[in-house]
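Next come the structures, one after another.
Each of the next two complexes has subunit A plus one more chain, namely subunit B in the first and subunit C in the second.
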Partner chain A sequence: MAGRHRHRETGTSVVVYADNYINDIEGEKLEEMCDAFLAKGFKKIVIDFSGTDLVNSIGVSILIGIIEKIKGKGAVVFSGLKDVNFQIFHIVGLTRHIRVFNNEEDALKGSASCDGASL
Partner chain B sequence: MKNRTLFSVCPDAEFFGRTREIGAILERAKGLRRIPNVFLAGKRWTGKTEVLRRVHRELFWSQARVVPVYYQFKGAVDAEAFAEDYLKEFIKQYLAFRKREPDLVRNETSLERLEKLLFDEDAFGLLDFTLIHREAKRSGDKTAVLRNALGAMELMTRRTGTPVYLMLDDIGSPSHTVERELAASLNAGSFPFIAASSTRAFLEGGFLSSSVEQMTLGGLDPDTSVAMMAELCRSHDIGFDTEMLSLAAMKLGGNPMYMKSIVWAAHREGRDLKDLKSFVELYSGEVFEGNIAFALQSSLRLKNPSELRMLCALMGAPGGGAIPGEELRERFRLSESEFSKTASSLFAEGLAEYALGSVKWAGDAVTADFVSYMFETRIKGRSADEARTAFAREALKEGFIARGARVQGRLREDAASALKSFNGQKLVKILFRNQAFSSMNRGGATRPGERKDSEEVVVPETIGSFESTRWEKGETGPPIIIAHGFANGRYDAGNEVVWITAVKDTPSPVNIGDVENFLRRSQILKENFRTTRIVRWFVGRDGFTAEAQKRLDGEGAFSSDTVQLNLIRDSLEDASVSERLKREDNALPLKEFEVILPASTKAELVAVKAVEEIGTEMGFGDNAIGQIKAALVEACINAFEHSKVKAGKVFLRFVAGGDRLTIHVQNGGVDFDSPAGLVATAETEALPRKRGWGFELMKGLMDEVRLERISGGARIVLVKYLIKKGETGGREA
Partner chain C sequence: MSGVDLSLERLLFNLNTLAELGEEITSPKDFTRVVKSSLYMVMGTFSASKGIVFQYDQGDGLFTQIASKGLTDVRGAGLKIGKDAASAIIRNNKPVDLKSADPIIALLGPGREFLERLGARVLAFLIVKDELLGLIAISDKFSGEDYTLYDYQLLSVMGQHISFSLHSHTLLMRLMYRYNENKGLYENLRRIYYDTIHAFAAAIDAKDAYTKGHSHRVSSYSAAVAREMGWSADDIEGIRISGLLHDIGKIAVDKSIINKASPLTSNECKELNSHPVIGYEILSRIKFPWKGIPMMTRNHHEKVDGSGYPDRLKKHDIPMGARIMALVDAFDAMTTDRPYRPRLSFREAIDEVKDHYNRQFDPEVVRPFISVIRKEVLSEVENPTIVPLMHEHLDPVTLSRILEGFPH
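Then we have the complex of A and B:
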């Protein structure tokens, strides 16, 4: 597993901290991490973007792929989005498919009640 | 999972463009515009229904302040049947919105079942309408039946305080009684509405008195059209050439239905869209005998040979001009009543327009080819193969001509569209003074407070426009468009205005010769109009020579280049653009910075760093800077991807103006990805598509995004104004 992204495990949930710039390379690393956590049996993945300044369209496409993959197997939620990143996800229509929280704590609480049906 | 479908719409992946129109309609629906009512005009299959249904879907799922009601007219039905259908739709959709129950919108329901449902839901307010309907029907009072149905929305709005937003689709030309009563219900002004049609019959019927803004849905713009065809080709595994798609899109007028039909035909026949011959064969197959032919045949209802003959005459009028009614009557030996009947039928079909006693072709180029084919085979008796061969021969020749001159014609359309949008708006005068505008953009001479060009031009309310060809047989020079209108909102002789507008759409500036030609011709044309006021306007694609500017200014004539024309069009659509242009700090000098990026990993972050510095110095807020950075990253990635040379560089130019930052991103490559124009804001079940978001993101994050074709490639131009735009919210706590 690519281990460059930090993460925090809490029960069946895990918080993955996204990099400063989500492009193809960083997006793929995130994808590998999510795959690995799912394989380990985690049911809820919070991707925290509080340290992310930029997400490009290739990064967005990888994130869509992540959501697609997790669909039915668990739940994924986003937290800590800067306004511009929220706007990017809104433009592509991702915010209709994924719950977005102000911070990881809210996301963990929110995702705890989420059993994947939200996807 | 709940099926959230309402009215059927095409899959998001096949819906391109129209983001701006949908946004503008939504703003009106939500009461954010002064004139909320819209007449959405557009030729057949330009996507009016799709736009209205997507607006309905957005309003249904994304807000609770306005009840969206969509009604599609279903051809000729009697007033009573219409009233029942209209009432049922209103009640169904009202209840569906209140209960957030999309099934109710989707499913057909009888009046009896609807009444039972209303009773179960204790919706007695709505139930009243069905009871009155039954009672009026039983007593044979057709007027009461109609008024009850049409008045229901107004009454519910008053009772509940929650307005309805009514979307009337395919309004066409309803029966006299329905038209009168419907207009009366809309005139009451209790709720905003939009009415869509491919003819202006309802708008011009004389019953509608409430203020209505006209919005025209033309074909998709060339870049979006090419992007749409390319995306469809990719998804159907059809090989294509971008240049060929560009030509095809132009020939098809950017009409989504035509473009889809051609791609589907290519898929069916296992052809590609790489060369002109393939396209011409697919095109003639579709337009003469395929799906497009079938659609045109079933919708046009051409009843007799006179109609076909008259249409062919109109299509062949020099310069696409108008033919006087008298001349048509004589040519086809028609009595007054026969002529009137034939012409009315063509107007109703949206194939002809009538202005100042003359008739003009109003259909699109594809319909023209279809009508010509019908004429050749039905009237002239040619075999289908012969007509098709003749067409292919001409189309191939025309296609090659079009290749060399494909840019031409767009400026004329843009100028004509601007003239048609004149509706008494106030525009900043500098947009009509090229000399002053050019000097301002050179960082010149003006200082805040000194500029007189913050004065305004009040444009008239245009009632019609046409080309001057009929009055100018044998004249040479740029085409002239004549637009008639009234000033000051008063429709009398004293306020009649004619705008005489010349358009030079060639890659050279308007010179003194062009100006003298225009002034002479406009002097002659002036004799044709008994008006008190003539306004002369020259639009030049590549601007004006200094001598030409001076002469036009001296004559008191207006002059605009492409940039000014684009700003005029934006200002006509959105008054805030004009307000922004009036700000005196627009006149501050510009600063320019250039950055060259090498082709290396994360090189776009160098551009990001540069724009962060420039943006901060200009006074942009953090969020705006974030938006510019993200858009710039997309432009750079796109430029790198399409660089001709593997290790090609990307050239960036940052222009910091008083009120905006403009960024030019250029590579040495062949092309950029064109804008997909996909609307992604609507509610859908499926996840968004994974790829092709670059342009969409740039458009969403910046105030203006342009793709300019230049010698040897293309350039993306990103513009951000210092005035912040509204931002989207919606995250959870």
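Then we have the complex of A and C:
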């Protein structure tokens, strides 16, 4: 399952590309995928949205599910948000709980543990 | 409950969700999937981390879970209510806060504790035609914010959407599919769209003191012309919606420019003229169940001779819907008072249309427009939309005099 969606492992971090499948209930598979990465010993998950056109309400609920699922097990940060997606995350309050980086490289460089910033 | 800043972004996000929800519940996908997607949409809208949908059985009064998210264990004591409680819920017919002192909550009996244990905070009962069909319960917001009055209204609208889907399903399950009844429901569903978009259009019109109701008139005039041209019911609905939203880009234009009585400076003019493009950008972000809405909005100020804006398109390159809106938009602007001039009489407005025939306005649109007016004056249509809004009486004799020399 962990191989189904586009991702990139680097050190103790992994970048997961949300693309557009985040907008369908099938996107929920990402939740188990992230959980599996943490079980394998990865410390940080970067969810990258550079390939995502517009996150919809289903996408938002799936992201909240992911954040809740890995609460306390590791850190999750976002990167590559288009303006419109940043605004949506702002509206639904996600930006208050998740650190947002311009691109995946910045996100990987950001502190590996991200102390409570993920929650 | 508290107030909230209703930003354009929030409205668009919510409008987009309503459009997707409408598409989802009218899709032929299997029922469980539709309910699940709908639940996720509700949860994403309010950033709730937990949610559950129950179906209600009138026979035994039991609520059965049909979809959930974010809940680890939903087994155990269920939710059951009696007939009296059900009728009270139907009469109340609005979302309730599980932590409030609302009498509806007391009616849930031990079910209240069950819902609290699940982490529920707000309950929206699913009701169609005085029938309780189910319940959707969502948790507190992930963001920690309170639910606002607007949230309650929006949840109510979404709940109605989901109720319809549950209702059609229930009907099928009972093998009591009645075509006419369902047709009525479908119209109801469209009504919800209209209500939401109308409210939104009213907000646009409110920005412009002089054009009160302009969007609504452009909407109904466009639909009348499209109908005359033989468009399908779906496409007529699309242009109706487009008419309501055609000036949405004005939201981004300074209010003082829109209401200015003196001539505009070239910069102000540029800003005002940017509204079709801004509108296009806003609307192309929304997945509408109708075709062509963003382009109709973008091109409603084009002229058939290519001298319009923003794309300076010529006749055949302008979408037909935009050509219709260009005419009725100008006609309504002429027949209503504006900051810089009082309204023209019907005759003066028709003379303008005649003067700009085949230059600004497309003959293929002007002809059906005139024929709608003629039919309305001759009382040949059931629901006249244009003539009753003219500030003068039009009889067949006056009309034919006014239309004299008009190319048929």
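Quick notes on this structure:
Quick note on the criterion: the second predicted complex is superposed on the first by the 109 of 119 C-alpha atoms of A that agree within 3 Å, B and C clash if a C-alpha of one lies under 4 Å from a C-alpha of the other, contacts with A are read in each partner's own complex, and residues count from 1 in each chain.
The rule is short, and it goes like this: contacts are C-beta pairs under 8 Å (C-beta built on N, C-alpha and C of every residue); 3 or more make two chains touch, one makes a residue touch a chain.
Quick caveat: nothing in here was measured; it's all calculated off a predicted structure.
Subunit B and subunit C, once both complexes are superposed via subunit A, clash. Of the two partner chains placed by superposition, subunit B and subunit C are both touched by A:G65.
After overlaying the two complexes on the shared chain, residue contacts for A:V92 are found with subunit B and with subunit C alike. In the superposition on chain A, A:E9 makes contact with neither subunit B nor subunit C. Once the two structures are superposed, subunit B and subunit C can be ranked by residues of subunit A touched, with B on top. Of the two partner chains placed by superposition, A:E105 touches none, neither subunit B nor subunit C. In the superposition on chain A, A:Y21 contacts subunit B only, with no contact to subunit C. Look at A:L54: by the touch rule set out above, it reaches both subunit B and subunit C.
Note: residues 25, 54, 56-58, 60-61, 64-65, 67-68, 84, 87-88, 90-94, 96-97 of subunit A belong to the subunit B contact set and to the subunit C contact set alike, using the contact criterion stated above.
Subunit A contributes residues 25, 54, 56-62, 64-65, 67-68, 84, 87-88, 90-94, 96-97 to its touches with subunit C in the complex. Chain contact summary for the complex, subunit A toward subunit B: residues 21, 23, 25, 53-58, 60-61, 64-65, 67-68, 71, 81-88, 90-97, 99-102, 106, 110. Residues of subunit C touching subunit A in their complex: 7, 9-10, 13, 16-17, 20, 33, 36-37, 40-49, 51, 69-70, 141-145, 285. Per the touch definition, subunit B reaches subunit A in the complex via residues 601-602, 604-605, 608, 623, 626-627, 629-630, 633-634, 637, 680-684, 687-691, 693-694, 696-697, 700-701, 727-728, 730-733.
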